[in-house]
Every structure is written in structure tokens, then in C-alpha cells.
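You will see two complexes here that share subunit A, one where it goes with subunit B and one where it goes with subunit C.
For the complex of A and B:
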């Protein structure tokens, strides 16, 4: 395989590449949005009870350990899910549980107790403390979790090609079956570039949203 | 679903796949530890401190590459079989261990090191008898992360002919035999969870009582 093969493949298959990339992004985007809607409130709720926090984080940890291919395979055997987007989405949401809940919980727990007390002393309601103190001050840690979730979801979404998703992973799976190296390498490179790009961009945002006083000097 | 298929998958196919999978994990993690821990130690020595950030950044980028992509990239370069799979997995299991080794060693309180120095310990002895034992829980937690990762991506190694539990899952998906899927996926999940649990137990055991975070 040479550079020429690679460019040739890109040229001939531009439409497919765009279609697969689009599919990839819609899957990742919907998974991340649903995960945020579900897991951020759960993470915040868990700061109320240490007992439940330990249980739920333990469960999330266990789920996170399950190999992604195994997770997809297990979901496929459940009739309600079957092959396709429903299984893929559900698995991705389950994986996002660990990084999101963990970071929201840690972020909110890390906020200095005295700041919260001061806010309460000023007469702030619990909801306002949450909105104006816990979330902004916990943001750096929460955002780090968000970054991990996005990059991880992009990677795992590629594996969903084995349960019928038509996304960038398809180039790799098809390329392997047909021993079409340019196809496989193109797929792998596109996914890698997207994942590294997302990681870098989110990393830059992560640095810029940390309040000055909270920055750690290295 | 049939009992016949299930039994065949569990008793005829699974033992070999499980053995291959364990081999991949054990070999990869052993090599990863042998590379990463010395690398982490080296990067915390005053002489090489400047290299630390660069190395971490490079490993960070490698870590962001999705597992499926790294397996796919290994094939044209390294060929089929278990060796390419191990090399591919190795690339991504280095980061957690190196990062945690560095974090653990930096976290050792300077007072303790100074006390050891004042007692007349050589640099070498300080490293072996003070720094590494104190950093061990954190290093071990990096090893745990890497292990779970290798078990997980190891299922994809079947794609480039390394065998393992991925073979059962891929076979199950191709033939649509749910029994194969359940056996392969279930064993993979059990393996990952068991390793995670036992390593975190070990981690807790070797943490000195005074250092435990409640």
C-alpha cells in the first residue's frame, strides 16, 4: 500500500466516507447528549448520600470493565434491542455512566465545604448553591469527564459496526474481510484523526475554562 | 437458543479461546510493566525531567486512538497473528502505567526522601526502599486500568487472527448464534471484572494503613 492507493481510495469513495462519517457523528452525538441528560443529574444526586454513591459508582465501574464487543454482543441477544442503533446507543450510554457520574460526583464533592457554608449563610437556596457554586467550581473536573466520554464514545462507536451500524468502523470491518488494505487504513486513520482532534480541542477548552485561582502550576 | 449449541460453545470452544485470551493479556501486561515502570522512574529523575511532559503528551495522543483503529493499523504493518495484536495493545497500555508511576513517585513527600537521605541511604536505595514502595498503590492502579483495557480490546484482536474470546463473539455474530455470543461475551466480561476486582483488592492490601483514603 502506498500513498497513491490511499489517495485513490479517498477520491473514489468520498460519498461513502461522508455518509459513514455523518452516521458516526449522529450516533456519538445522540449518545453523548442522552448520557449528559441522564448521568449529570444522577452524579449530582449522589453527592447527597455516600452509601448510594458507593453502590452506584461500583456498578458503573463494573459496567465500564465489560469489553465493548462483549457488551454489544450481549445486547444483541436481548430481543428488545437486537441488531442496530438501539443496542449501540444503549451500550454507549452505559459506558458513559462511569466517567460522567464519577467526574460530576468528584467535581461537586471537591468544592470547598466552607464556600458552600458561606453561600448557605448568605441565604442561598440548595438549588442556587447547586447552580451558582457547585457546578461552576466543579466544572474543570466535570469537563474532564466529558472529554473522556466523548473520545471514548467515538472509539467504541466504531465497534458498533459489528452489530449493523454503518459508520466509520465499517471501513475497517469490510477492509479486513476483503483484505482491502487501503480501505482499512483509511477507516482507521479517519477515526484516529477524529478522536485525537476531539481530544485536543476539548483539552484546550478544558484548560481555558478553569478559573484562574484554581489553576495548578506545574 | 439451544442447549446443544450452548454446551458446545462453553465446553468445546471456550477453554481454548479463554486460554488464548489470557495469554494475550498476560504477555501484553508483563511487557507493558517492564517498559512503563522503568520509563516512569527514569522520567522522574531530575536529569530527564524535561522529557517527561513530551513523553506523556505522545502517549496521550496514542491513547486517544480508538482500539479498533489501532488493531486495523497493526495488520498492514505487522501482519496476522498474536504478535501484532500484542504490539498493538502494548501501545495503548503504556500510558496508564507510565502516568501513574510518575504521579506516584512525584507524590512521595520530599520530607520522607530527605529523611532517608539523612539516614545515609544512597539514591538507589531511596528509590527501591522508599519511593517505589510508597508509590506502589498508585502504580498498581495504573496497571489495573491497563489490564481492563487489554482484556477489552483483546476481544478485537480476533480480527487479526490472534484468537481469544473475540473469535467466539465474531463467530456468533457471523452465524447469528446467540449461544456463542453469550459464552464469549459473558466470559470476557467476567474475566475483566474479576481482574479488576482482584487487582483493586491487592491495591488496598498493599496500601499502608496510614495512607488509606476513607
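For the complex of A and C:
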């Protein structure tokens, strides 16, 4: 493949590229948002019970170990999901369970017990302790998990092309079948750029969001 | 003020109750120290007062009100709480840390800011330098001060302090203890103070409750406990230097006796007769303008009777042997030894108001000892 072939491909398929990139983005975005809404509260809740924490984290680990193709295949056989976006979304949310729950749980658990003890002793309510102490102090660990989730979701979303998602993964799968190198490279390149780009942006956000007192050294 | 009635706390999965059938009445406006070996249930007792822990049986009342009938967050907002690890919020500045409880009470911003400044100054911290710092930028002693300031933010009538000075070095600890005592003279809070250090208990407590394995062994003033330890556990816990510890409770004016007799320098040769007449063993010598020169015992006078100049020198050797009435007995004892003197003159300001000998100290301790 020459650079010219590649540019040619980009030129001829601009519309498709835009469509696939858009689809890819919306899938990743909706998966990440729904995952946050579900798994962050679950992770926080788990800090209340060691027993349940062990169970749920175990389950999340198991799910995380299922290869993505197998996962998509299984979901497609379930009538409620079938081929397409529903299955893809559901699978991505399940994969996000492990890194998100784990990091939120670890982040909250990592907060110095004496800080919570003192806060409780001063009459801070559980909700307030959560909002003003656990979340900000757990933020560095939570954010690390969040970044992993976003990058991972971007990658796995590509595989959803096998169950009918028309996204950047399609360039790779079709490119492979047709031995169309420019097509494969386009898919791979854009996915990587999205992943790296999102991670960089999140890294910048993280810097501004981590409480100042935690960044100061003696 | 705080009343514990037949409190028992049995933790799940523990063979023995952490606190067993404890009844204790904590007087208002004083420091009550809970002391005992590690694991004897002190923290558990403290935490049952502000409902961080619920007792298995029994009731805690504050000013007659059963705490179990109050809202626990509301209850805790009204009680100062200081722990050994302090637990400052690392992501909040010192000012923000101190402002936590006032914020819970929804005080207006200006009132909070004013109170925070007041507390920082009251704790002996540099206002401008401290206010905007983060906890990790302070020393252990400074953090502990902030911990105390934070607990006092809304001026609660009750403070619970769980080994508050346990994590700082001995010098800083001494300092913090002195300051709390000084502060307490003004603020007169009801303080429940937990420690495992008997010396700290003796120093800080108006009353001391000694615990062993979840049971109250003895309750009383430091003097009562040092004078009449109830059993061998208390005796051992206090240690072999019980009497020396007891000395710490007294000042020179507690043990001193009136000045034997005063003799002018020019009357030195008649000092012996004067002492005889006054029925005393010692005379203090003054020069012509009434300045104190020192003292002379009857035995010394008899031994050097002929040699006036020698006697004068003897007197002058004790010219430093004077202390203020507020001197603690251990310090007075130490000075007696240091000056190799039989007596110390006791001063109130610049006025000689008494004298103190080894015998007086001994008599005082034994009198109180009931022996």
C-alpha cells in the first residue's frame, strides 16, 4: 500500500468514514454514560458490605474474562437483544462493570478510615461523607478506572461490527476479508486516534479535578 | 451531666464484653479521664456517648436526656470529638477543616470565617500562615491543634477526646496538655478524655476512672487514687513511683510552714537565742536594708558560734534557696537537693511567706497518705 492508495481510500469513502466514526462514537459514548450511571453507585454501595463486595467483584471479574466475540455471540441468541445495538451496548456495559466497580470501590475503600471516623463523629451524614469525602478523595483511583473503561470500550466496540454494528470495526473486518489494506489501516488508525484522544482529554480533566490538597507534598 | 447507667457492650463474635455493667456519672464543666491498658474498652465507652456505637444494654443520658432518643447526626454535631489520628480532611484547607461543623449548622459565611480565625489564634497557630494550608503541610503538633480547634468550632458544651495527644512527641504533648488545661480554665467544658498513660491522666483529670478489661475499677480525684489505690491492679497501673507522682499534685504553699524567725545581719551573734525563743530550728537573715541573705539552722549556729564571719559565709551560701509559692513539690525537692540546703524560703512575689524542708514535704505526703 502506498500513501496514495490510502489517501485515495479516504477520499472516496469520506461519507462512510464519517458515518462509521459517528456510529462508533455514539456507541462508546452511550455505553460509557450508562455504565457510569449504573456502576458508580454500585461500587459505592459495595463499600458498605464486605460480603457483597466479594460476590459482586467476583462476578464482574468473571464477566470480564469472557472473550468479547463469545459475549456478543451469546447475547445475540437472546431474543430480547438480537443482532445490533442493544446487544452491543449491553456487552460493553457488562465489560465496564469490572474496571468501574473495582476502581470506585478501591477508591472509596482507600480513604483513610480516621478521616471518615472523624467526619462521622462531627455529625456529617452518610450522604455528605460520600459527596464531600469519599468521592473527592477516591477521585484519583476512580478516574484511573474510568480512563481504562473508556479506552477499552472504544476497542471492544469495534468487535461489535460482527453483530451488525456499522462502525469503524467494519473497516477492519471487511478489509481483512477483502485484503484491502487501506481500508484496514483506516479503521485501525481512527479507532486508535479516538482511544488515545479520549484518554488524553480525560487525563487533562483528571488533573483539574483531583483536589489540590492531595497534590501537595510536605 | 453525662450519665452512663449499667452500660454493657458486647461486640459480635467477641468472647468477653468490651464494657461490662458500667455506671458512671461524669460531672459538668470538668475533665474526666478514662484510663486503662490498651483494649480495656475506653474508646468503646467514649463512642457510646456520641452514638458512634450503640450499647448492648443500658442507657446514656446527657443532661437527663436519653441519647438513643435523639438523631445521631444532630447529637454528634453538638459534641466535640477529637481522635488520635485526628482525621483532618486532606483535600481541605485548615480553615475549611475547622469550618466543617459550623457549615453543618449552616452558619453564615462571615460568621464562619470570623470563628475560624478566632480558633486558629486561640490554638496558638499563625493565622496568616495556617489558614490556607493543607493538613499535609503541618507538623503533628500543629495538626493536633487544628483537630482540637475543629472540635471546638461551635463551642459545644461537651468534648470527647480519644487519646488526642497520643501521636505527638513528648515535648509537643506536654505543650498541648498545658494549653488544654489553660484553655479549660476559661471554657469550662465537660471533657471526657481517654488515655492509656497514667501520668497524663493524673495531669489532666479532675476525676479519673480506671478500667481493667471492660470494668470500672476505681473512680476518684487524682489525689484519692494516688492516696488510696483500691487494689493491686490500680497500684501496679500507677507504678512504684506513686508517691513521687503524688508530689506533682501539690505546690510549695501546700506543704510549707511559717517562717521560723527573721534576724538582722547585725544581730547574727544573737541568732541562736532568737531561734530558741521562737522555738524554731532555722533563722532567715536580712541585711540592713531588709534584703534576704539566706538562712542558718540552729545546728549550724551552734557549730560555728565563735566565728561570725564563717557564719555569714554559711548564710550567703543559701542566698539562692528561695522559690515562689507556685513551685511544684517535685521542683522544690529537686532544688533542695541542688542547693544542698535544709530549707527553701518560699516567696509570694517578693515577700517571704514561708519555708519548706524535706521534713515538711514528707509530712505533707504522709498526711495525705493517711499513714
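Note that the second predicted complex is superposed on the first by the 209 of 218 C-alpha atoms of A that agree within 3 Å, B and C clash if a C-alpha of one lies under 4 Å from a C-alpha of the other, contacts with A are read in each partner's own complex, and residues count from 1 in each chain.
Rule of thumb we're sticking to: a contact is a pair of C-beta atoms (placed from the backbone, for glycine too) under 8 Å apart; a residue touches a chain by one contact, two chains touch by 3 or more.
Remember, it's a predicted structure, so these values are computed and weren't measured experimentally.
Applying the stated contact rule after C-alpha superposition, one finds that A:121 touches subunit C and leaves subunit B untouched. When both complexes are overlaid on chain A, the residue A:136 reaches subunit C alone and has no touch with subunit B. When the two complexes are overlaid on their common chain A, residue A:74 makes contact with subunit B while staying clear of subunit C. Set side by side, subunit B and subunit C differ in how many residues of subunit A they touch, and the one touching more is B.
No residue of subunit A contacts both subunit B in one complex and subunit C in the other.
On the subunit B side of its complex with subunit A, the touching residues are 60-61, 64-70, 72-73, 75-76, 148, 151-156, 159-160, 165-166, 169-170, 172-173, 178, 181-182, 184-186, 188-189, 192-193, 196. The touching residues of subunit A, counted against subunit C in their complex, run 112, 114-125, 128, 132-133, 136-137, 211-214, 216-218.
Against subunit A, in their complex, subunit C makes its touches with residues 50, 52, 73-78, 81, 83, 85-93, 100-101, 104, 134-137, 147, 150-151, 160.
Subunit A meets subunit B in the complex at residues 1, 61-62, 64-71, 73-74, 76-77, 151, 154-156, 158-159, 162-163, 169, 172-173, 175-176, 181, 184-185, 187-189, 191-192, 195-196, 198-199.
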